[in-house]
Amino acid sequence: MLKVAGKQEENPEFATLFFNSSLIFKPGQFIMLWIPEVDEKPYTLSSVSDKKFGITIEAKGIFSKKAISLKKDDLVGIRGPFGNGFTLPKPGDSIAIVAGGCGLAPLAPLLDRINHDRVSITCIHGARSKDYLLFKDRFKFERYFCTDDGSLGHKGFVTDLLKEKIADGNTFNKVYTCGPEIMMHKVFEICEKHNIHCQVSLERYMRCGFGLCGACVCGKEVVCKDGPVFGSEKLRDMEDFNKTALLKSGKEVALDDYFAWRHP
Amino acid sequence: MLKVAGKQEENPEFATLFFNSSLIFKPGQFIMLWIPEVDEKPYTLSSVSDKKFGITIEAKGIFSKKAISLKKDDLVGIRGPFGNGFTLPKPGDSIAIVAGGCGLAPLAPLLDRINHDRVSITCIHGARSKDYLLFKDRFKFERYFCTDDGSLGHKGFVTDLLKEKIADGNTFNKVYTCGPEIMMHKVFEICEKHNIHCQVSLERYMRCGFGLCGACVCGKEVVCKDGPVFGSEKLRDMEDFNKTALLKSGKEVALDDYFAWRHP
Amino acid sequence: MSIQFLDTTLKNTTVLASGILGNNKDILERVYNNGCALVTMKSIGPEPRDGHNNPTVIDLGHGIINAVGLPTPGYTNMEKEWKDLETRDFPLSASIYGGSVEEYARVAEFVSKQKPDMIEVNISCPNSEKHGMTFGVHAKSAHEVVSAVKKVTNVPLIAKLTPQALNIAEIAKACEDAGADAICAINTVGPGMVIDIESGMPVLDFKKGGLSGPMIKPVAIRCVYDIYKAVKIPIIGLGGISTGEDAIEMIMAGATLTGIGSAVKTRGINVFGLVTKEMTRWLDRHNSTIDSIRGAAH
Amino acid sequence: MSIQFLDTTLKNTTVLASGILGNNKDILERVYNNGCALVTMKSIGPEPRDGHNNPTVIDLGHGIINAVGLPTPGYTNMEKEWKDLETRDFPLSASIYGGSVEEYARVAEFVSKQKPDMIEVNISCPNSEKHGMTFGVHAKSAHEVVSAVKKVTNVPLIAKLTPQALNIAEIAKACEDAGADAICAINTVGPGMVIDIESGMPVLDFKKGGLSGPMIKPVAIRCVYDIYKAVKIPIIGLGGISTGEDAIEMIMAGATLTGIGSAVKTRGINVFGLVTKEMTRWLDRHNSTIDSIRGAAH
């Protein structure tokens, strides 16, 4: 068990919890957060320094609401880190980061790790509205925002901006994306069209987190272990990407039904 | 399980079994030898080199007879090494080794380890008769022999020779002894009289070999773990030394009864 | 080292344990392609069931504790899964459970129409108050369940037993008498409990959970040893196997096949291929065959 | 952290488990001097008995397997031991076993005259075909044994239980009803078996043996948890405790005292002092007391 060492309220529905503990991890990996007597759910690491790490949570259902209401010194259980993480860009790469809402969380430590002098980065970040844009002051480099309500940046989708950047003549060789699955799927399609390698971070219901129980299986991939990050090679074969997911019972359903089931 | 890699028949009743396996050990430590479907008993390591070790066995009862009749490639189980081992002499020490019969086995690797240029060694070795003197050709330095029947060396006891050496003006600061317990006790008494530090290697019925089951307990000492080597400080307090031992049932009996019980 | 088991020819002795990696064709096929000879589905029950809340599966270092709690879509609720599996080209065992003898029979009857190569009757799950284990700890109820299932299906039957039974050999014999074609032993041990001392809470939401992995191997070996003495039908030995040597030990205890569950965590999905390779190497080095070492410890 | 247990004041919660280090005053006194609050003797039986041949005790890394086989000089055959123990100045629990209800009573009657501070009735040993465990797996026989013993002695009684019972809470309740003053749980788990694959032989001469040490802790915690719910008498929690944290976990499950067996191998005789120090440090850091955390997991 670890004590919550601090909390940063990003906005009324997003908060980052910090813990004083060192983790050896790769950007894109996740931990299982246990709130005793509530539940245990996966969260990607959104910041990691020598002796501290953080996870950023969007209040959605019972669990995540409970999580962002945790106070300093509250005890929670942390298992992990689990999963594969992103493949880091190489010097000389030109990459795009495409994040939807809380999807910036796993991408943020990737941005921290990259040597910005050697990798050219285009960061596109979308949210419902201005207040829901995560980590607005965390990064020094320029970012391209879009909001559903137009309260900041482009009014519309991150995919619009990605297409625009490509049309503008930017030649990306890697795109990293995290956000709603439908958004990631669109990003993947754009990448396929332009022959860009794409990495997405998938989300499925999880139990063990280490590739045993099968709760998170997506096609022939075990999301908690083979993923949560999948690159274009695997995505091409992944029929269930943006299509189906397993309920807690193990039943395979359409993605919409999966998210509907999760309503409190 | 290990295969018997070789056997040296020291005489009709003594044999050394060799195994190809490296052991990190201290002279005086022992292993548990398991002969499937027979039994498992403790034996001190009588020789250890880089990739090979040996145990020297005197045929007494059913088990040890079976052990010396093992052939090359027979499979046995080896657990260990266990126990504390001897405290090695320091440069400048003048020591005596007093061995009775198979009691030379644990002392032999001690002799191997000592730098003979820096430690003065007097080695006294006794046996029933000439043929029962172990490792007659193993060591290059001079040894003093005694036999019950006078077939080699002094006719009589090793303790006679030890007393003689002391009377001759040899000033030992350490005596290492192994052999029948009554002999070791006599050696200890001589050492006490002359203020010499003494180390003896005790033998008790053993089960676990690692200080759990209590089968080998002698007073407040656990012979398999605190021993089998005990120095003068402990021996002085050890009321059961040369007096009592535990039977397999756990019953404490006089040493004579202990050995009588063990008759086949 | 191909081997005949019930009516099926298997490419080696390794079996995916029930409850590991689920029920979907793609992932089960991947397990098969990674060297597994026979894949067992996650136990399927009579009604849709979510199982327990998390935490449900915890790594203890020398093994796993789990109380997943028999989640299941329910046997009638798996059209897609069954349809996908129709076209499989690998041997499949369908594991089933129920809350009553009648339920076991009902599930078995339906499932056998989906044409699995065998049906495993799970009378040994400790992670639900109502289901499973209760039937596996008494010879009488074990006999009833297997008999009832036998009546409604021609698919070869495997009875999966719990080490919690006072006399597992007796249970195995009762299952054999009731028509079981094979025994699978063992399901998880215990149950156990792990308390987080900082919060003072059991770490599993269900509080108790079954133990698996290396720490239960001695119990599994003993059970298979006891069962081998008591029955003539073949045994799937399961519990704590991670290496070829572990599998050899299980076969020496009397097993025909060797199941693998928790080791999928420690060695990955490829564990089946690795274990088979290690077994082959061991057998070659010892000039032995699977058949010559089976039951060698007796 | 002195603690009241039955009629005795103990200096802390640690207890030497039965069967560890034997029955002789000198060694038991050394255990006491190394921080142990209550020492339990090796189980004493009705007739002299050698126990099994070696190998009898094997280290498995994450625990121990043993089939020592209840060696005993026999209760009437221990004049020296009893005489030495008369002059002890440490709390002593005498463990006893029998092959019948009458034998338990006979041994208990004699042993209580030697004035141990308590008597532990071992109805849970798996390592003999005739003795011990059979009584501990059924509530009726457990009740009979404890009742019979209670009739012949005024010494406080502890019933030592086996996790192999289908419902250990029910057995504990039966013992309480029969007059037991405390429960000790658990004896070894299993039994298990380990086969040496080179020789194809079970490594224990008795083939099967009880499991102890870290790997059984989750089973022990669950048992104590279940028993705590079922009885009012105090519990000696035992099984897999090696550290102060393990002992805290056991107390949170409901134990009053914390027994230690196999950890004597891994941490030495001083384990009792070490565990107590670790417990004290933990309690201080958490501003807690033994009494405030007992049963906290419920």
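Every chain is named by a letter (A, B, C and D) in the order it is written, and numbering of its residues begins at 1.
By definition in this document, contacts are C-beta pairs under 8 Å (C-beta built on N, C-alpha and C of every residue); 3 or more make two chains touch, one makes a residue touch a chain.
Only a predicted model underlies this, so the values are computations on that prediction, with no experimental measurement involved.
Least step count on the touch graph, chain B to chain C: 2. Chain centres here are C-alpha means, and the one lying farthest from chain B is A. Averaging Cα coordinates per chain places chain C and chain D 34 Å apart. For the pair chain A and chain B, the distance between mean C-alpha positions equals 68 Å.
In whole angstrom, the spacing between the mean C-alpha positions of chain B and chain D is 36. Centre-to-centre, using mean CA coordinates, chain A is 52 Å away from chain D. Shown for chain D are the residues in touch with two or more other chains, namely 201.
Shown for chain B are the residues in touch with two or more other chains, of which there are none.
Taken as a contact graph, with one node per protein chain and an edge wherever two chains touch, the assembly forms an open path, each chain linked only to its neighbours along a line. Applying the touch definition to all chain combinations yields A-C, B-D, C-D.
Only residues 19-24, 26-27, 29-30, 42, 48-51, 53-59, 64, 66, 68, 71-74, 77-78, 80-81, 196, 198-199, 201, 203, 205, 261-262, 264-265, 268-269 of chain C touch chain A when the two sit together in their complex.
Considering their complex, residues 60-63, 65, 137, 164, 166, 189-195, 197, 200-202, 207-208, 211, 214-215, 217-219, 221-222, 225, 245, 248-249, 252-253, 282, 293, 296-297 of chain C touch chain D. Within the complex formed with chain D, the chain B residues making contact are 1, 32, 34, 36-37, 39-41, 75, 77, 79, 206-215, 217, 219-222, 246-252.
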